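Please find the structures below.
What follows is subunit A paired twice: with subunit B in the first complex and subunit C in the second.
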Partner chain A sequence: MTDTLRGLLGSRQVWIALVLAAALVTLPWMVSAYILGILTIAYYFGVFAMSWDLLFGFANEVNFGPTFLIGCGAYAAGLLNAHGAPVWACLIAGGAAALLGGVVLAVPALRLSGPYFGLATLVAVLLLQQFIVIFASTTGGEIGLTMNDILSTEPITNYWYALGFMTASGLVLFTLSRSPVGLILQASGQDRIGASALGFNIVKHKLAAFCISAVFSGLAGAMLVFYLGTASVGTVVDVAVGVQVIIAAVLGGRRTILGAAIGSIFLILAGEALRPLGQLSTFVVSGIALLVILFFADGLMGLLLHRRGDT
Partner chain B sequence: MLDARGSAAAAAAPLLAVQGLTKRYGGLVAAKDITFQIGAGEILGLIGPNGSGKSTVMQVIMGIQRPNAGAVRVRGVDVAGWPSHRIAQQGVGIVFQHSRPLHRQTVLENIMLGLLPDKLLKLVADRHVRERARAIAERVGLGGVLDRKPGTLPFADLRRMELAKAIARDPKVVLIDEPFAGLTASEMDSFARLVADFRADGRAVLLVDHNVKSLAALADRVFAMYLGERIAEGTAEEVTRDPTVRRVYLGGGIDVAKRPPRAAGDAPILQVENVSVLYGKAQALEGVSLHVHQGESVSVVGLNGAGKTTLFNAISGLVPYNGRIVWNGEELHGRSAAAIARSGIVQCPETRELFGDLDVRENLDLAGQHLPAPEASRQLEWLYLLFPRLRDRERQIARTMSGGEQQMLAIARSLMMRPKLLILDEPTLGLAPVILEQISNALEQLRSTTSITVLLGEQNVTFALPHADRIYVLDHARIVWEGEPSCFAAEAAATYL
Partner chain C sequence: MLAVQILIDGFAISALYGLGAVGFTLMFGVSGVLNLAHGATMVVAAVTAWVVAGQYAANPWVAAIAGTAAGVITAFATYYLVVRPIQRSRSVPAAEKEIFVLTGTLLWGIMIQEAVAYFYTDNPKTVQPLIAGVMQIGGVRTPINELLIAVICWTVIGLLWLLVNRSKAGKVLLAASINPRALTLLGFELSQVYLQVWAIYGVLAGIAGVLLATFLGASSAQASQLTASAFSIVVLGGLGSVSGSLLAAYVVGYLETLTAYLISPAYRTVPALILLVVVIYVRPHGLLGRR
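Presenting the complex of A and B:
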């Protein structure tokens, strides 16, 4: 235990994250409720992106359909809530539904190699989207599903929920990535043959990573719809949302977990700051993301760490 | 599962017993009915030229490939066809030739990886893991670099780290692929000591390498393969003396064609002067010099890993090098691979690099893109005369053809580009003798009817000698012999076997 603890405290990443978290805690006294609302969404995206980085950065599997997991969680929570279940039960159900969906998808998909895993996850999103549209009478279809309950009407309370959830998720995912199983996962991702020759069942480890990613994605998806008050295809299932999650994670820095959260906050704040540009804002943000991917493949976190020599 | 009698039998049985192992890739039989055993504290050397199937046997034992037939018994349990991780858990470890370490982790963490159990709930490593990893690192000589990242280590230390990872699992059977590749003489000694330690520990060790020479001091027994079959077995000395082994490595009655003497005094068309190449930390070529004259056929012979492909890639401008390469009086340094190819140096690579999803004709047409149409069709006609087989296969998709046909297509495609210098890298790799003869005839025709200069890289001396005016022997990144084919058997054969 002491080794792990010393490892965590010795990491620059952890210090960067602590400083950032401290700054975020002071924000409710410094910025408007509107900005707090934007950040609340950004934090849920942060969890989406961190979960995604566990798969991409560590298991070396590109999940093109993060919104399949997010959507499973969001809609399971939404539908249960429509039938009168309390919020806490819906949140648990959201995590469980994403886990179930993730297992059903990953067990066959992880047997594929190369780009086919990614393609399978992409197709899963389209299937989920069609499913929601076809069963519109239950799911609300393209209009969306209005929730009976919401987390809170107070922006500050919502902000605390989101920040707390992101911090807790980040802590769990980061610790996991630095633990022995994280090490095995990285070995499985980087050198399939080498890792299995060392006696590791790589499918098992990748499947576990996928399940963990699914639970956090689903839980975050459920929290998000309870914050927004509606669950709709456009906010939690659409492929474009998934692309944004992926961009955030890559922008923040692959294989860092915490970078993914920073990338999400940056991406959503940048989109907001450029809102006066109208249609152009999405274009500019995407352009910035492209430049970072092309020229700083290690992302924002990579820039911070490299400058300080912690490669 | 095992009753008392069964476990007693397992204890008496060899640690590794391979029986009747057969592996086919499509029509190619990579390993055929291979049988051998290794006991506790024994080192078996598995040798064979490139393409002989020795790596296939190793991969099947490790579970990286599934066998078509046969048994692999590890401590009495047949593991043939099991997935790798279960075979590893049964007690088999492997030291790969090329290491792919975790670059963000330290050397110590990389070794710790080998000590972790295959469990999902291992969130905290046991206290003893770190100490064990440290002890293993000390044992293989990595004690001073525990906290460094693998990227900063010299090549030999990376190999030590691979060895340490294998030791960490405490395997009963250790497979080592080319234990000495890329190491200097003194590093080889310390590696040999580490391998000998495995024997002292009572493990069964399988060393896979190209020739007897490199393993002779270490191996208790040697098992030789050629074209997927066992050709000899015995002590290193017995295998070295074995007539079949000698024929495979050195050729039987070496047939040396009579060559018209070259006009004396003409300047070389290609000069390679003191060329060295480093791959990361491994020295792939060291101070290599050679020259080739207009119309001459020169063979560079050497075992896999000697540096032949690196030499050719340096000439073709595909790898950076130190030294000078002069072609037709012009220095090639700094010119792009494409510019060098346009100036008339065309390489037919060992890997063939055909467009697998295109047919024969399309592959050839692509290579003839730069020729005017009438000239391209004349060239095509000539190539079909040279390789009649290709005309029959004109519309066949390249990747569905046999290895021999693909090789013919690769050579034809290089010739389509009308080279002045044709570099052929291992054209005989993995091919059956009957195909060799057809390729051999084509090369003979090239020599007698065209002015194309040929630089041939081969480990198959039987094939290389008859097609050469002069021979260079490349061994461990250096030229160790140069001379006429007729002198090879007497002067250079010993360094080669």
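Presenting the complex of A and C:
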């Protein structure tokens, strides 16, 4: 444990994250409420991307359906809230529902690998989306589900919730990725047979990674809908949202956890800054992301670390 | 009456699915690339045909050929701008090339889709049928174009089969899918083989896109859905297996048509998706795939 702690303090990534977090804390005194609102969404996206990175970067499993887990959490929270449950209970239920969904999906899916695993997760999203639309009388269908409660009406309070949640999740996920469990995951991702020959139970570790990824995705999904005030297919389930999460994680630099959060903030801010371009903004953002993965395969975080000679 | 209708509609839709999926699976089998810009390639072909037919008032056949050409150009652009740079990149470890190609082609597909939507809006584009008119089959009024689509799809698939199994170039492709290293030892240039595959892929995706536009209409908003359906058909049939893809295309095509006619169009894709989940859990290598 002390080794892990020393490792954490010695890592340049942690210092970058601390400086960044300190800068983000001062923002409410410097920028308008509008920008705070955009950043709030970006932070929840950051948690989505970090949980995705735990699964992809470390376990080397491509999850094409992060929104299945996010959607399970968001809709479980939303439906409970519609029946009058308090916010805290809905959040816990959201995390639990995503965990349940994750286990149901992962237990059979982890027997598959590569493109097959990716497709199984993609199909899960498509099915969830179909069911939400088909049972529109309960779920609100395409229009969405209006929440009875929201986290707060104050932009600054919402900002603190999101920033606090992202920092806490980032800390847990990062510590986990640097712990022995993270190393075993990495080993099993790079050489499945080699790692199992060393006596590690690969499936158990990958399942654990999937469950942790699910809990954080679900919680973040539930918090996001309580911030937005509605749960709709377009914001938490659609494949396009999942694609954005993946782009954010790869853009920020895979296998870094913190990079995923930076990638999300960059992606959402870039989308906002390019809003004057209208329809072309998605084109430009995808173009930038494509250039980054073509020329800087390690992403933004890789760029930051390499320049200082620390790999 | 209804049974005949389902048989005919299902046959045409399945043939179209099959043609779209064959190129996708051939590409994976020979070069190991899953092209997630597949739907976008089909949409480019469809929209080009629509522009040529509409703005230049061209003959539908000319428009169809222009659309197919656009499909080939898009395929080459995908290869030269996205896939080849990633395959040759030194900073991407070999174990992660696959996921980088997936992400890269995904982004490229979104770019194409957005560009098409920007210039030509994302309204569905319908191209004039290649042959107009309807005929009666077993008491069902059927557009001749629907039959023509099935005929064209099967002719193209037949030609592809001849090319792969009966020509020298085709045997090289087959060899590349089985053992690329041995092929290079025999003095064949792998990059040439890959270029051929991308050309064939472009023709197949282009024709499929144009036919789709004459049948159901194509819109840039459908691009990811088209990719997803090709991907699932290919996995259902077994990655890299052409006959498996054709079988899967018919299973999915008829399942969707049956659901749409007998239950409700709203549930159209659900049974096929559930079947897909069951098959990948029970038989991960697909119906006819090799391990």
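Definition applied: the second predicted complex is superposed on the first by the 311 of 311 C-alpha atoms of A that agree within 3 Å, B and C clash if a C-alpha of one lies under 4 Å from a C-alpha of the other, contacts with A are read in each partner's own complex, and residues count from 1 in each chain.
The criterion applied here is as follows: a contact is a pair of C-beta atoms (placed from the backbone, for glycine too) under 8 Å apart; a residue touches a chain by one contact, two chains touch by 3 or more.
Predicted model, so just to flag it, every value in this text is computed and none were measured.
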- Message: Do subunit B and subunit C fit side by side on subunit A in the superposed arrangement, or is it a clash?
- Response: clash
- Could you say whether A:Gly194 touches subunit B, subunit C, both of them, or neither, answering first, second, both or neither? first
- Message: Quick check for you: in the superposed arrangement, does A:Leu100 touch first (subunit B), second (subunit C), both or neither?
- Response: neither
- Message: Output check: A:Lys204 vs subunit B and subunit C. Expected answer is one of first, second, both, neither. What do you get?
- Response: first
- Message: Quick check for you: in the superposed arrangement, does A:Ile35 touch first (subunit B), second (subunit C), both or neither?
- Response: neither
- Dominant toucher of subunit A (residue count), subunit B or subunit C: C
- Item | Touching partner for A:Val181 - first (subunit B), second (subunit C), both, neither | first
- Query: Can A:Ile150 be said to touch subunit B (first), subunit C (second), both, or neither?
  - Reply: neither
- Where subunit B runs into subunit C (options 25-33, 79-87 or 349-357): 349-357
- Message: If I apply the document's touch criterion, which positions on subunit A are contacted by subunit B in one structure and by subunit C in the other?
- Response: 190
- For subunit C, which residues count as touching subunit A in their complex? 34, 82, 85-86, 89, 91-92, 95, 98-100, 102-104, 106-108, 110-111, 114-115, 117-118, 224, 228, 231-232, 235, 239, 266-267, 269-270, 273-274, 276-277, 280-281, 284
- Spell out the part of subunit A that touches subunit C in their complex, as residue ranges. 56, 60, 62, 108-109, 111-112, 114-116, 118-120, 122-124, 126-127, 130, 133-134, 190, 239-240, 243, 246-247, 250, 279-280, 282-283, 286-287, 289-290, 293-294, 296-298
- Message: Touching residues of subunit B toward subunit A in the complex: what are they?
- Response: 62-64, 83-86, 88-89, 93-94, 96, 100, 102, 104-105, 109, 112-114, 116, 118-125, 130, 149, 165, 169
- subunit B-touching residues of subunit A, taken from the complex the two chains share: 1, 3-4, 175-176, 179-181, 183-184, 186-187, 190-191, 193-194, 196-202, 204-205, 208, 255, 311
